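Heads up, the next two complexes both have subunit A, just with different partners, subunit B and then subunit C.
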Partner chain A sequence: MVNVLTPERAERAHGPRPARPVVAARDRTRRRQTVVAYLFLAPTLLFFAVFLVLPLGFALLLSLSHWSGFALGDIRPVGLDNFTGLFADGSTFLAPVLTNTLLFALGTVALALAGSLTVATCIDNLRFQGLWRTLYFLPIVTTVVAVGNVWKYMYEPGGLVNGALNALGLDSVAFLQDPDTALPSVVVVQAWASVGTAILVLTAGLKSIPESYYEAAALDGAGPVTVFRRITLPLLRPSLLLVCVTQIVTGLQSFALIVVMTRGGPGDATDVAALEMYRQAFSYGDWGTASAAAFVLFAVVLAVTLLQLWIFRRGGEDA
Partner chain B sequence: MSRRRFPWLSYLVVVTGAVLTVVPFLDMVMTSFKGPGESGTLPYRFLPEAFDLANYRAAMDQLDLPVLFRNSVVATALITGSVLLTSSLAGYALAKLRFPGRDLIFRLVLSTMMFPPFLFFVPHFLILVHWPLAGGNDLFGRGGAGLTVSICALAIPFLVNGFGIFLMRQFMVSIPDEVLEAARIDGAGEFAVWWRIVLPQTKPVLVTLGLLTFVDAWNEYIWALLVSTADPDVMTLPVGIQLLQDYVDPTRTMPIVMAGLVLSVLPVLVLFLLLQKYYIRGVMLSGLR
Partner chain C sequence: MTPPHRTGDPGPGRPTDRQSPWQGRGLGRRHFALALPSALLVSGCAAPYRGSGRPGDPIVLTLLSHYASGELKQALQGPVDEWNATHDRVKVRTKAVEFTDLLTTFMVRQAAGQGADIIHPYCLWNGQLVRAGVLRPAPSGHAVEIGRGYGRAAVDAASVGGRVYGYPTEVQTYALYYNKRLLRAAGLGSPPRTWRELEEAAYRTARRDRYGNTLVQGFGLSTYDDSTTVGQTLALLGAAGGSFVSADGRSTAIDSPAGRAVFELEHRLVVRGASTPGINVYKAFQSGQAAMVISAGWWTASLRAEMGRDYREVGVAPVPVPRAGDRPGTLSTGFMLGVNTASEHPREAWEFLRWLNAEKVGVRTARQGAVATRMSSLQVSVGSLTGRADDMGTLLGAGGDPNLRPFREALAYAVPEPNVPGAQQAKSLLRQNIEALWTGQRSVDEALRAVRRQVDQEVSRSW
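Coming up: the complex of A and B.
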């Protein structure tokens, strides 16, 4: 402990004080605290002003303008044209881009949830839980460039996955080259990479379920399926909600994996909204459309989050 | 007890899952040792013919690995240092100081976590390009490349983190006021209170936040890709390795890429294995990864 005086000892050291100066001293402390607080907060507030408020305003302005990205003076207001353009006939934004985005997010969360729920309930019965958790966690601390390239290579005709299929007597699959299999193949990788967090959250949720519930169920002669459906699942609801919301939100926004693995191809089979936004800005120089796409995706993210919260609330449990 | 009735089934499930998780990593390491004509050919073979470091040497030659490492290290260090400093300063102010506007600012910090990163790629890039009086720009941000040609560009959008501030604040709230009050009566200024009393008590949280930030910064790809398109000199490891794909000899491309990946993944994996207790707690607290 540092050399700290308790209030009583301080009192003794400085002697009792008259009432008035105490009030004045408290005012002084308040003023000093305000100054210090704003000094401590200054870097943060400055940063948020320049890199949060300003960009949001700028993006909003751009989404209502036409701009090809050179001089700032060339920004030309066009009202809602960028937004109507996104949803006009012949635009690929609604389909396949937005549908791909939703399929990517929902597919990922479904796979990750099924996998993590299975593994988490099983881990709960085992020894060396820390070891298993560490193993399942490795993909999370690995850069997306490594994850994407390793899987891309494993999906190739001479790669591990097809090698395993061939060993089982099955034909090779052109996972990333075939428009029908490209999106599911990428979804598998995203789920593989995110299952560790889900396992962690669900394991913690399982640990918080009192052992006595299971003992009571065992006394009543309930089978494992009944126990899982009537005890584990309902009491795990808050953890499941957390996993669902965070993974769907992450899935809706992420495109780094797709940039590494397919760059949206073949054709636009794996093109997702965030990637489309990126390409509109940095490849096609259509900054207005890019910003409009970003806001549409933001609206989708918000809507999905609220919808999920509402569904789970209605299910009876307060998460 | 009913839920312990089938441990063998549990072992089967967990071990199968763990194998599926680890195999891609093993494939990465094995491929990084494979010689010309050994990778991407049929039939697939898991093990290389010899464990030979030729691909690692090729990766070193082909890429300017020291420069990539330096850029990654500098950017990661800047981000981690800045996030720790600003989060603990702001967290302390929000947790332990009384001043008008505190609740409003706290709510602002919370709301920053709601905005997804993709919303900012475009405007952040434009702000850096048009940064006044930098990289040949005039006072109004015209004429040059702005901050995009500086190594700082890699770090700038990540220097302050709303979640970090929230995390620090939540932990600092639980430090007893009496301890701080006593130090103040003892004549310690707020800065001394923060530095000598609050920071030592929040060390575990600082490690957690530092580790989360480090891993994210080290692995960051999209923003680094954008910035290095503007200036190849500030390329980071993930971006550089992705570029290795264009290696001249196609029979050796993948093994060399894998060798580069092993080298870039290793520092983070080691750090994670050493400090995983802190990292895992951080993930539990954020629930965001």
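Coming up: the complex of A and C.
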């Protein structure tokens, strides 16, 4: 049997060696590097702490308290009262506020997705694709206030849309004044305003589909509908998922367009969660209810997003 | 000579390579020495200047109002400049934001410890502000002076739970604006005095084209905003002898015969085509597309400026009452100037408010020897009113716009807008239900029931 000295034993056999100071120096260097790394990270961490963690913690505290918004010393814990109040009998939060919010978001996604998919497919087969994409992207660079006001005038009884209806011999429609048409009318505007981004994403997705699939389909004699259903749609799924998730999150948080066009009216026909939160906090001085509503909306956004991911993953696409 | 840091000698007070940046004692002290004054400087810049605080040095009071632009801003700045020119010890600095941002600004500044010494709230918010501990009750001397100098509606609007919290400034009463030309064209020689006459005039003046587009609204009901929608309804409710909230402020009183009569009247006007609530009534009336509108006195100045020569076709009459011979009634809304509980100089702030709102001075435009308060002169100069009947008599007595007279007379009988805690939310809930009634979402019974349930739940909350 041959005795072999392990490195550790060998070290011990050879007496004291400068290994420990080297390790210590290495540790010091590592510590110093860590400190420097944290120093570099500090501004970002501070930013997140001040603008994300702190407000989130404060909102959580407020959701479990009553606060009128004036003096920090007046925050009074009330447990889960704000949450139970939102769903209590007679509360308007569940219906119509949350219902309107979901209808608004789903309607926007459905319209924007259908519209953008159609337009993106058309653009993909046209010349001057950059020009078309730019044209459809223009609403994105226009402020919501301008978009809302222009559409509001178009919907007016003497406006462009009713003018067109009258020219066709049809009676005017009180688009924003009738509770039955107010929400769909605003959904159309939100979809129109967000279709540009969706077109950009989808045209990029269309470009990434290899041409060889289409050539193979053509050789097999597949028609355009079959090609679209069997090749384009399945391979576009990641882009569609992105569009769906971003559009629905935007729709669930929508505020500015509703304020400009209807202020939640007529009655409460277009009242949505973000508007209700704003009113509870800044108009009624009930920051507890507003914060609780914000967390409920967060839970809804999370649930809807997870549901979308699950549906798309079930279809075979690992998003 | 080579600079020390080039030779590896870090120099006095600088850390060596082996030292962590945190270990240098001199550096820490120096950083601290730099950071402390910087922090003080930054906090000093952020905080409003309220004077040095040394005995004898001027005290600077801040006044936050919504007189942010145009003639309102100038009108307030005039007396403030006069005060600053004649008072060495206490100076006043005005800050202004748009009305839509006023309550939010109160909140944010108060929470940040930067509340203004003197605030100028809409009286609807008084209950909310008192509940939050923002408004300081008027000292007894001032409270007595306010109770004596102003009309009942103005004093009630500036009070919460029977305690006075400030000097009422502008008071808006509601009356019926009518277009003389449109009424004449419909064969009507005078404005309606009863609801029956109002309905008849509304149906006779209303016109639509063959596609259903409104050409002329007979009676302009509007969903323009909370104040417009609710103001019109509460003015009619006041004329019918009803009220929105009970005397103790703990429940709604709109589910009454008077409330039902108002809802039924409005419902009839909409259903029979005399009113189109979706139209912006302010624009429609100016352009001759609305024959009658109930609105507040501030509108006269806007109409005069916007309509030019056509303004002579505008008349104003008291809000029609249900039956001939009924006592007149309407709604009043208003603002007041109060002192913040966080103010370090409340005595000086109240003194300034007394000087502005209660001290009488000569009026140049009125007859020889006529006097009025600075605030009354200020309000009348911008086409508004205060709750001081004597000042209004002096300032509007001779000449002036005759259309302001019904608003001035209404000061004697108008009912103030409720200002209980939760009044803002109660008002929004009422608006939503009025709109639901107008648009056919709810019947009169359903709307009244919904208002009662929702508003009762809100105003009876234990804060």
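A few comments on the model shown:
FYI, the second predicted complex is superposed on the first by the 279 of 319 C-alpha atoms of A that agree within 3 Å, B and C clash if a C-alpha of one lies under 4 Å from a C-alpha of the other, contacts with A are read in each partner's own complex, and residues count from 1 in each chain.
Basically, a residue touches a chain if its C-beta (ideal position, glycine included) is under 8 Å from a C-beta of that chain, and two chains touch if they have at least 3 such contacts.
Here the structure is a predicted model, which is why all the values come from computation and not from measurement.
In the superposed model, A:210 lies in contact with neither subunit B nor subunit C. In the superposition on chain A, contact of A:32 is made with both subunit B and subunit C. When the shared chain is aligned, subunit B and subunit C each come close enough to touch A:166. Legend: residue contacts after superposition of the two complexes on their common chain; A:222 is shown touching subunit B, with no touch to subunit C.
In the overlay built on the shared chain, the residue A:77 is in contact with neither subunit B nor subunit C.
In the superposition on chain A, contact is made by A:297 with subunit B only, not with subunit C. Of the two partner chains, subunit B and subunit C are each touched by A:158. Look at A:234: by the touch rule set out above, it reaches neither subunit B nor subunit C. Comparing subunit C and subunit B on the residues of subunit A they touch gives the larger count to B. Once the two complexes are overlaid on chain A, the subunit A residues touched by subunit B in the first and by subunit C in the second are 32, 71-72, 157-158, 162, 166, 282.
Every residue of subunit B that touches subunit A in the complex is listed here, in rising order: 1-7, 9-11, 13-14, 17-18, 20-25, 27-28, 31, 39-46, 85-86, 89-90, 92-94, 97-100, 102, 105, 108-109, 112, 115-124, 126-127, 130, 141-142, 156-157, 159-160, 165, 178-179, 181-186, 190-191, 194, 196-197, 200, 215, 218-219, 221-222, 225-226, 229, 237-239, 241-242, 254, 257-258, 261, 264-265, 268-269, 272-273, 276, 279-280, 283-284, 287-289.
Across the interface of their complex, subunit B is touched by residues 2-7, 10, 14, 29-30, 32-34, 36-38, 40-41, 43-45, 47-48, 50-52, 54-56, 58-59, 62, 71-72, 115, 118-119, 121-126, 132-147, 149-151, 153-154, 156-160, 162-164, 166, 192, 194-197, 200-201, 204, 214-215, 217-218, 222-224, 227, 242, 246, 249-250, 253, 255-256, 259-260, 274, 277-278, 281-282, 287, 290-291, 294-295, 297-298, 301 of subunit A.
By the touch rule above, subunit A contacts subunit C in their complex via residues 32, 35, 39, 66, 68-72, 74, 90, 92, 157-158, 162, 165-166, 170-172, 174, 176-179, 263-269, 271, 279, 282-286. Within the complex formed with subunit A, the residues of subunit C that make contact are 20-22, 103-104, 106-107, 110-111, 128-129, 131-134, 211-214, 223, 225, 276-279, 422, 424-425, 428, 431-433, 435-436, 438-442, 453-454, 457, 463.
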